[in-house]
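You will see subunit A twice below: alongside subunit B first, and alongside subunit C after that.
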Partner chain A sequence: MSHSAQDTVPAIQTIDVRRVYQARGGRSIGGAQAGKGVTALDGVSLTVQRGEIFGLLGRNGAGKTTLIKILTTLLAPSGGQAYIDGMDVTRDVIKVRQIIAMVSGGEQSGYGILTVREQLWMFAQFYGVPSKVAHARIDELLSAVGLGDQANQKVYALSTGMRQRMNLCRALVSDPEILFLDEPTVGLDVEASRAVREYVRKWMGENPRRTVLLTTHYMFEADELCDHVAVINHGQIVAEGTTDDLKRGLQEHARFQLEMAEWLPAFTEMLRERDGVVDAQTEQRNDRTQLRLALLREEFIVPTIASINEAGGRVLALRRIEPTLEEAFVRLVGDEAESQREGEEAQR
Partner chain B sequence: MIEATTAPGNLRARIAGTRAWQTLRAATWLEWQSRGNWTNPLLYCLYLIVRPMTASLVLVLMYWVVSGAHAHGGIFGFLICGAAAWTFVEQIVAGIPQAVLADREEYAMLKYVYITPSRFLIFLIGRALPRMLIAFFAFAITLGFGITLLGVPVDLRAVNYPLLLAALVFGFIAITALGIMLAGLALVLKRGAYQMPQAVTGALYLVSGAIFPIVVLPGWLQTIALGVPLTYWLELVRRALLGSHIGEQFPIADTGAVFGWFALTTVAFAAVAYVVFRICDYQARERGQIDRTTGY
Partner chain C sequence: MTALTPSTAAPARPAQRGRNMRAGLRLGIMTMVGRAYPRLVAANREPDWIFYEVALPLLQICAFALVYKALHAPQQYIGLVILGGGMMAFWINVLWSMAAQLHWERQSGNLELYLMAPASMLWILAGMAIGGMLATAVRATAVLILGSLIFGVTYNVVSYPLVILAFLFSLVALYGLGSMLASLYLLYNREVWAIQEVIQEPVALLTGSYVPVAALGPYVGAFAALIPLTLGLDAVRQLVFPHLLPTLLPAGLEIAILAVLVVVFCGGAAWSLNFIERRAKIQGKLSLKWQ
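Moving on to the complex of A and B:
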């Protein structure tokens, strides 16, 4: 397949992917006995285009890791189809493995008896990278993630953060096209997490064909890194889009915060009666008044400010209030989780 | 990476061949490091010498107690040669499944190895090779110890070296096939994965004639013994070292026939082992057991 033809194929595509883990004693294959098992994925359909950092957000047990396992050929789906660069993950296993790599967080993985360089070299061999190329790449990667001085250090002697950075290098030593990061910064301190994020962003910037699928608990991480995100809950995708889409999707109205001088209480009533204004609330802060406006649509802000000026009010500052990705996530997943918990308590 | 998926057939085959060789080499090197990198080289050499010597001394002492200190009886050479050769089984049959379990549960690396484009089977064969070398060293040490200090009747000038070499090469195939099959089973077992290889080698120790002739076994166990390639393998190693007269204690007298049966059972056994391994590999992926941590 030529590159131009490949470019039209999504980097990752799943169609109605299901995965049922059978209960102990039950048969584990296929979805025929779906009722007897635990459904980890329930019809997940996703498309990730080349060049994207795609975030998959969800609570523990939502199905994020199960999806990554299927996409990386570690686990067979119970139903549906999953493709990597147009190749079926169940049929074209070796071809898929040639272009992917994975890093999981929250684990102490690594052959402790080997040095960092030895471990990376060994994985380069498994991918068929010539030794000379591998060593040059190892030097470059270790230097880029700040582990240049640890190249000849035994893996067991590395800190958690260093080990995770080494694991990132292990995944990148084969120069994969598609990288799966399964909560890569779990358990890392602020500095190590930042180093991982910065390197992922840099790595993506080097080649437009590269793609990352990232799962994370940290909303700021997704907000900072991801072009698109999907929220998964109970094995189903409950929302998908850009991070801005998700945040705005929650907002029924456009919300603004204004710092006002020379404010009269009558202004508030006047605003509430204006077309397009859903709500207006004020709060006194020292010599200023903070006005919070909810408008039907964003474009109503200009005539609203004009009417305030005409009435004699003075706008000192204006800020659009956007929900954070975390608020969006809680609204999508948390409320449902809360009601589920309340339901369980009521049953007891 | 792109080239590997889009290259024409012959080039793709060459890339796959190169990768298979690299995988074999890297897996061999990994196992060698795992075996020897835990201490300094001098101490490791000492360990390699002392371990087989003490293991055979235990058997010798037992033999002396039972036989009334007739260390040079006809069965003595049989026992030492069997014990020496059995180190191959211990190292490889029990060792490969343990390496796989350690990769999965101790190092948490099995999943990363598994999702590389290298063939898992080649990775396992690579893990077996250093163990074979270590076992060969132990085999030689035990025999040397037995010949020089215990008077085992091996005349080095009369040893049938071609037969010994052929037996060791075919034996490696049979033993590695068994180890790979058990590695597959270890992947899918929920409990007892660590104990299973020891249990299997223990059972084989009984029925393969490792330290006593299989003619002393009950009839039904003899039938089982004759279906196991290790029985013929041990017999061939003994005949190569001690001479064909040792075959008087074996149901099949002719060495050529023993070799024929050995080759036949090895091929059959390797085929069964391959099928079992593939089924286990498939099942492990179906059940999500490649990266499982049992904690047992």
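Moving on to the complex of A and C:
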């Protein structure tokens, strides 16, 4: 096998993937429109390279799960192509299935009467993992996610968080190359979700061919885990890049926050007239003044501070204001209230 | 877009193909064993099965047996009822743990995981069937032995190989039918309960589990023969209580028909599973959402 050629094949690639769900029963309930169905994916083209943790962000109903179902061979696309490691998900089904795994948030898979160990062993069987290898892997995985003591506990007795960590082990017990995580930390407490994230990162670090496609509604999670993210809205990709790209793309001006001493109101006017300063706002905080600056470019901060010093002001602290991924996200897809209104309309 | 290397391009050499086939078979068997496991474990982990699956059938058998006793029927008639009761255990298992099973597996999310696994879903169904058969065999044997001891029934076996053949064929055909129904139930998930209720009791009568089939007349008998339990039971009865009753057909012919039913139902299961999988992938019906 020539490795150099292999490595150029993306782990995941979709080309103009579309998916339309037909209205149930095929009868039109609310007039002509109901018969047309729901367009869940409307021409999605994405590329995920080997070794990446790729985040797919989008509001409820944006089409994230639909895309994952198509990539995991569980759903037929209505149009376009999708490839896993260069293999067509609609034609090379068996080969694709050998190298993928999926975990969905809140999933209730398996059988409650089995112990955690038995349950994981059962899923290892489905992937042809010899029992000896499987048990060694199960021990390692369980202790890595903090379930070492639960190995012989019945599955029905697990809490939601324990169950979800077990689900992650379930997906990893077959040693997949490409892992799909659909809201893996939904409903987990701070510690449990941190355990999941940490383990995903550790797992990725162990082998450069491993790849993760993750959906989440927690922006800090995407920010913390993902190398690249794409924002999907109404079945279309509206932004793509590194998390930093997304945040920067949002920011037209360089923003700074300064803590000032010995401030005079006249300084504000002076600053506003300077070259490169887009805006200057102040706010009184006890004996200090907080100054917020918007500059045309980052470099303008140095001469601006120099001019304040010259005028007799004193800078106590300086901080660049970074936009959060959440701000970038809201800017791209609109705010929650709007999404809820739309969701309610769609329900009708 | 860059051209992607098609992975299926290289034709496999015969040696390679042989190896692939062996690997596929190994994976299939492992899948089957994996899926059978929870059934075998469940059978012994929940002790209340003793009540539901041995005591209740025994009570039912007693009721029929007492009626026969009151009518001064020969002791062997009670033997018939006991045999029927044992076989009914398999039918109930097929209905609730095969036919309805994929419907339940979809609700728990297992269905998606089973499909996503690299082996064919048929191996999963085979695992369900074998696990169910073995677990039920324990119960059926318990019913048979206890029932025979309580009522002092003796058997007069004509040919052990034929009895075993008739029993195995009807069992495999029965579970094949269950696998076929399992896929079809996925299509009609709302109606499942209604169908189950409607099928279970009439089948007990039709297949002659408690009443000899031949007593039902040729037309009803012919219809009932479609359910493998009928012929299997009738064949086994002929072979363990010879000349006791008018029979549906000669035992040899019944066994031959059962063999045909095995092929039909197992083939039907493979076909309908494939059909359902493709259809469900197009319609988006492999998972249920409760929101």
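Everything that follows uses one rule, which is that the second predicted complex is superposed on the first by the 323 of 348 C-alpha atoms of A that agree within 3 Å, B and C clash if a C-alpha of one lies under 4 Å from a C-alpha of the other, contacts with A are read in each partner's own complex, and residues count from 1 in each chain.
The rule is short, and it goes like this: a contact is a pair of C-beta atoms (placed from the backbone, for glycine too) under 8 Å apart; a residue touches a chain by one contact, two chains touch by 3 or more.
Predicted, not measured: the structure shown is a model, and the values here were computed from it.
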Three-chain arrangement built on subunit A, subunit B and subunit C clash or fit: clash
Partner chain(s) touched by A:Ile94 [first = subunit B, second = subunit C, both, neither]: both
First (subunit B), second (subunit C), both or neither touched by A:Glu177: first
Touched partner set for A:Leu114, first subunit B, second subunit C, both or neither: both
Touched partner set for A:Leu75, first subunit B, second subunit C, both or neither: both
First (subunit B), second (subunit C), both or neither touched by A:Gln13: second
Partner chain(s) touched by A:Met102 [first = subunit B, second = subunit C, both, neither]: both
Contacts of A:Asp139 with subunit B and subunit C, given as first, second, both or neither: neither
Partner chain in contact with A:Glu327 - subunit B first, subunit C second, else both or neither: neither
Subunit B and subunit C contact sites that coincide on subunit A, given as residue numbers: 21-22, 69, 72-76, 85, 87, 94-95, 97-98, 100-102, 104, 107-111, 113-114, 118, 121-123, 125-128
Partner subunit B, residues of subunit A touching it in the complex: 1, 3, 21-22, 28-29, 66, 69, 72-76, 85, 87, 94-95, 97-102, 104, 107-114, 118, 121-123, 125-128, 170, 174-177
Subunit B - residues contacting subunit A, complex: 1-2, 4-6, 15, 18-19, 22-23, 25-26, 29-30, 33-34, 37-38, 107-109, 111-118, 123, 285-288, 290-291
Contact set on subunit C toward subunit A in their complex: 1, 4-8, 23, 26-27, 30-31, 33-35, 37-38, 41-42, 45-46, 108-110, 112-119, 278, 281-284, 286-287
Touching residues (chain side subunit A, partner subunit C) in the complex: 5, 9, 13, 15, 21-22, 69, 72-76, 83, 85-88, 91-92, 94-95, 97-98, 100-102, 104, 107-111, 113-114, 118, 121-128
